[in-house]
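Take this structure, written in structure tokens, and hold onto it; I'll ask about it next.
Labels A, B, C and D are assigned to the chains in the order they are written; within every chain, residues are numbered from 1.
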Amino acid sequence: MNLTNLMNNYVEAVAMILFGIGFTNLLLQKNLIKKIVGLNIMDTATYLFLALKGYIDGRKAPVVVDGVQSVETYINPIPSGLVLTGIVVSVSVTALMLSLTIRLYRRYHTLDLDEISTLLRKEGK
Amino acid sequence: MDIWMMLSVALPSAAGIILLAVSFLEHVRGKEKVSVKGLYVYTAAALILSVALALYTAWSGERSLTLFTLLDQIPVFFRIDDLGRMFVTIVGIAWLLTGVYSFVYMKREGGEKRFFGLYLLLFGVLTGLAFSGNLITMYLFYEMMTLVSMPMVLHNGSREAVMASLKYLFYSLCGAYGGLFGIVFLYRYCDSLTFRPGGTLNMAVVQGHEGILLAAVFVMILGFGAKAGMFPLHSWLPTAHPVAPSPASALLSGTIVKFGVLAMIRTVYYIVGPAFVRDTWVQHTWMTLTLLTVFMGSMLAYREPVLKKRLAYSTVSQVSYILFGLSLLTPDAMTGALLHTAVHAFVKCGLFLTAGVFLHRFGYTRVDQLTGMGKKVPGILWCYTIFALALIGIPPTGGFLSKWYLAEGALSSGIPVFSWLGPVALLVSALLTAGYLLPVTIKGFFPGEEAVSLDLSKEEPSPCMLIPLVILAALALFLGILPNPLIRYVGEIAGAVLS
Amino acid sequence: MDFVQNFPFMSIILSLFSGPLSSILSGKWAKRVNTAVIVIIGIMSACVLGYVTGTGEEFIYYMGHFPAPWGNEIRVGELEAFMALFFCAIMLLSMLGGTKERLTQIEDSKQNLYYIMVNLLLCSLLALIYTNDLFTAYVFVEINTISACGLIMIRQNGRTFEAAIRYMIMSLLGSGLLLLGICFLYSVTGHLLMSNIQQQVQLLAASGEYHIPLLVALGLMSVGLAIKSALYPFHSWLPDAYGYSTVSSAAILSSLVSKGYIFLLIKIFYRVIGFEIVCDSKVIHVLYVFGIMGMIMGSVNAIQENNIRRMIAFSSVAQIGYIYMGLGLGTEAGVVASVYHVLSHAATKSLLFVAASGLTDASGGKVRFEDLQGAGYRHRLAGIAFTVGSLSMVGLPMFSGFISKLLFSQEAVGHNHKMLPTLIALAVSTVLNAVYFMKTVITIYMPAPKDTEADRQGRNIAMAEQPGKSVALICFIILNLMLGLSSEPIIHLIQNGLEMFY
Amino acid sequence: MCVFIEICALVNSMLVFLLLRNPPAETLTVFRFTGNLSVTFRIDGMGSLFAGMAAFLWPLALLYSFEYMKHEQNEKSFFLFYVITYGITLGIALAENILTMYFFFEMLSMVTLPLIMHSRTREAILASRSYLYYMLGGAAFAFIGMIFILTYGTTSSFVMGGVLDPGKIGDKTNLLLFIYVLCFCGFSVKTAMFPFSSWLPKAGVAPTPVTALLHAVAVVNTGAFAAMRVTYFSFGTELLRGTWAQNVVMTLVIITIVYGCSRALKETHIKRRLAWSTVGNLSYILFGVVLMTPLGLAGGMAHMLFHSFMKICSFFCAGAVIYQTGRNYVHELNGFGWKMPKVFVCFTVTAFALTGVPGLCGFVSKWNLCKAAVASENPLAYAGVAALMISALLTAIYMLTIVVRAFFPGRDFDCETISDVRDPNWLMILPLVVFVIVMFCFGLHSGPVIRFLQGN
């Protein structure tokens, strides 16, 4: 493994870096909204990675516009399909997270998870 | 099955147990059923019968008796040999005389039923102990002896007496367990645990394990030494004697202590064999301990103001004479040791009984209270003087002979240092003995100026108390004047085991 | 193709569609539908189990009749069918045991939502068990997460919201890693179907190519699923989530949801990577170490806990440690032991949660130990059930925990390096388990001192007062004893099932 | 209810004795756990001794408890668990393989737990907790040993001489020894071996029948029994003799012997004093076990048998005092010997027996243990003999001080203060008398028992 390999696969590297950023944000941020942003970065990084794996230089998206051409014309459609599914999942999860965040904010008027924990402990429940 | 042996052990024991049961039930129910008179008749009859039976059994030839098996093919086994015969005789005489004495003495103490119950039971146990034919039987009766003699010490029931008796008990048990420790090892390394002059060690098995066996023998000597008042387990004697009734102390000092000696003789001469112990560290340590005890006992006695305590320390010292004789492992010394056993038994018995008279008649316990006794109870004090002379070892009393044999044995033993150190220690101790016993006589007969203030009318005690003392004193003299039969007898014993 | 072969797919679809159906029903009816669905799926799974045992080999069901590699597959062996059956049984009993709590703790308007979530959860669990496609597995993992989150937060108070969001965060971290791992695997092998991936992986392993990416993929997936199943030290979300949600949720979450992930991990080990390759990698050592730490630390945390529900939750951490420790041993028998422990723990933990709720009912809803004094007398059945569960956790013979302990240690003895740590950890953890479980048992059988909180709050509860709970508890006890006393057929079944994985 | 229970126990004991008289040669498998692991029963010499002992003691102890439990509550639950324990003890005695033994071993811990918490006081709860922790902890380590036997043995059954397969062990001898030490300690927790002994005195808060029968006899002896099984019948003495493992366990045992007795000496609560005494005496049994010779086993078994009678008798005496007067401490017993003569005569005999006075059974077993120790020619065993002697002396001190106090309260003691104290009724006295007779019988005629044990 040397630098040229890294340069040739810089997109993968970017995807990994993004994933790392998202992961750390999700794990370490205190603010719930920032956590959710982190989550989305993480997911997006994965999709970037997937899409990259399916992409073949100089080919078209596997969308049939004017009749089916030879297999050589299109890029691999499966990763694209996976990305689409992933986005759906990601969206629903994000929605759930956001709704939970709203609930918590209404109740405790803060977005800081640690603060919420402290408040809860004070409530003594 | 020898019915006589059986009877001589069982009869006094049974008689004693019956008496104890009666006493126990009376105490629990809280009312008297048997009158004191009945008690005396019963006790006297049982005692005379038992002693006669024991002596007859002992002196009517070789006998042996095997009872049931106690452990691993080791039966409860009795056999009469010369040594046992001698001890039974001593015990028989002491018991009879002390018994007569106690009839009077115990009236003052109360609790006669329990006392005489234990008295008879203890006689049975001691007979059994003297007759024991193997180590296990001996151990069995040795423990019994401790347990039965213990309540005699706490007879008066005071807090002090209870503590003293517990001390006695625990020292004795400690000794007994030391003995048991050794017995276990001997069981492994001996052909049998049946006594045989010269020992029964199986040298083929011992090969390579001499170290541990010697240690075991040493622990046994220490253990049995507890009963015999040998340093370092001697301190029960001065505690137990003053609080016990005088007849009990007399027996304790005169006879029971001797059974520690017996146990030691049995172990060293009849099981291990003198050859195994000779010239080892065990022998040397043993000798050192005995000499130390001899000297220390005398010193402590010399400084002690309470008469019975003084006598107790004297016992510590005197019994170690015997043990010293035994530790030399020569025939002469052993002869001396056995002679001293007999002499000391009678003498110390007598001394405690005289102390009992002082206590019983006048309530005196301290030596300095005894000034002028020669005028009040001259008979008693004369007896005392004879006992004192015998214990110091002045001819023509028995003590002289026994000490002579001991010294001769030491000198001829050829053991470096101890061959001259022993006699020197004996001599010094004899001087100390004179120093602690004779002042009573001197002050008693020659009260000096203090006597003016004292009431010196004659108050001889009842003949029941006097006669036993006179007989004991006569015995002490007799052993010195006509010693030859006894010397021959013990010489044979010594010759048999040390040939 | 036999008709029975449709059952796995039908059961997934049935539970999936009963979810939306419930949304238009009232709470009462939703409950009935839910019960019916679980029972039907249970029966179907039993049929499938019978069928597979009869034929003696697994079968593959092509979704929409597209063969691989285009179509999506369902693959059913003995173990899968058995798991499905077992999960249904546990779920049914857990639901039964928490009936009363659900009525009181959930708003009336949201009653039916709960059943939607349960149905979806069942659907996703079944899918996780049956599917032969990694990406499908991922999707259902997410569905599982969402519905589990719903189960936690349905009891609406601050604690549950916080627990839910913590649960979500950790789960999302886990599923992110899982997804990335799947992507790696896909990019290396070019397949998503498990059997196809395995062929490729075998080839790659033989040629030695792409060694590191494979390892990374394996690591990412293992860690992802480990986070989701609350392996120590990723357990921080667990006590709150199990401790404050409604009883059925806690029971289901602890005994089923985490077990679903573990089952998926075992499938990945066997089906996707191949067990030999997994064993050669270092990943199992990591799992082993974390498993052992979990066994000890979970119990230590539980000992310090003063709330009975949270204590049971922490005990789950320890038990999951056992399971990963078994996987980490890296032998076939170790996995058998782990799977057995999955069953045993599922049966025991839900029993404990239900019993604990019975005990708290009898103590005025209080969950602290000092308030629970004498609860064993006030609610006798719950007391007995809790005792049984505790004894099983401690590993007393006759109860299910003993068998798994036996299997674990028997397997560990064969190892060179892992033997002593395993055995000692087992022993220590047994002692620790004893400390907190038996302390609780003794507490609940200690009569409450007069005129204290516990004495005033407590009321006696007869068996007939809570029929659902009583039936559930009795069934749980029987199940536990069954696992403990006649384990041989089940172990046999697990062994056969694992054979079929190859 | 009492009559029903007593009849049940008696009938059961009859059955047990019948069974022991005509022991069936084949084994009885009740059910299987997994594969070849099953719950199986068989009667062999050692087991029959233990079973016979339990069968003899239980009806008598029940008789005593009927009277004793009158002043405690919840008689029914007490008798429920008390009788269950009987069955489980028999299960241990007749277990054919190590798994069965372990199974009943754990059951025993659980079943006796309610008996300890019987009074439900705070003290009882704490005692039961520590009891449980010790028991389960011990079992956890014993479990490791069991697993090893299952894996490295040729069979899980008990076979004299051990079942380990040398082929499977290979070079793992040291490991196996380590496991043996763990396993021995694990089982010995029930026998209250140092440093696991503190639960036993605490467990003395239980009603006296429990302390007497279970914590002096049945439960604790099962620990010793299990240690015997593991040492002689599973690991095998060939492997262990002369190794560091033997030295380690023997050192622990010797320490316990002295430690238990010393603690007994310091204790002034009667039942706790007896409990500490039990700690010391149980280690006599273990000492016999760790000698790893057939003689040692016989000695250990003998002490197990004899100690049971002695200790149950002494506990029953203490219980009688507590039942009649509610007094718990040694210094409160002044003069009781004259007010409760029957009880205290029995107690005195027991004290002598425990001390090891020849003619009573304690001496016989002590003798056999010492004999075995000397015959083993192991220097550490010699130290053990010395420890036995020291412990005998300490036993004498802590037992006989009670006796002396009871009979000789001191001259200034006012008997009126205890004038209302009297012996309990025949239900409590009968067992005591039976035990005393048994002690004498074994002490004077031990040959058959010892031969039976050595022929084992």
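Keep this in mind: contacts are C-beta pairs under 8 Å (C-beta built on N, C-alpha and C of every residue); 3 or more make two chains touch, one makes a residue touch a chain.
Source: prediction; values computed, not measured.
Chain centre most remote from that of chain C: B (centre = mean of CA atoms). Here the CA centre of chain C is 44 Å from the CA centre of chain D. Centre to centre, using the average C-alpha position, chain B and chain C are separated by 83 Å. Rounded to whole angstrom units, the spacing between the C-alpha centres of chain B and chain D is 42. Spacing of chain A relative to chain B, judged by their CA centroids, is 103 angstrom.
The set of chain D residues touching two or more other chains is empty. For chain B, the set of residues that touch two or more other chains is empty. Taken chain by chain, the contacts run in an open path, each chain touching the next and the two ends left apart. Applying the touch criterion to all chain pairs gives A-C, B-D, C-D. Put simply, chain D touches chain C in their complex at residues 31-35, 37, 99, 102-103, 106-107, 110, 113-114, 117, 120, 125, 128-129, 132-133, 136-137, 139-141, 143-144, 147-148, 150-152, 175, 182. If you check the complex, the residues on chain A that touch chain C are 19, 22-23, 26-27, 32, 35, 39, 42-43, 46, 49-50, 53, 78-79, 82, 85-86, 89, 92-93, 96-97, 100-101, 103-104, 107-108, 113, 116-117, 119-120, 123, 125. Here chain D touches chain B in the complex through residues 338, 341, 352, 355-359, 364, 367-368, 370-371, 373-375, 377, 379, 382, 385-386, 389-390, 392-393, 396-397, 400-401, 404, 408, 410-412, 444-447, 450, going by the rule given at the top.
Against chain A, in their complex, chain C makes its touches with residues 135, 138-139, 142, 145-146, 149, 153, 157-159, 161-162, 164-166, 168-169, 172-173, 176-177, 179-180, 183, 186-187, 192, 244. Considering their complex, residues 24, 27-28, 68-72, 136, 139-140, 143-144, 147, 154, 156-159, 162, 165-166, 169-170, 173-174, 177-178, 180-181, 184-185, 187-188, 209, 212 of chain B touch chain D.
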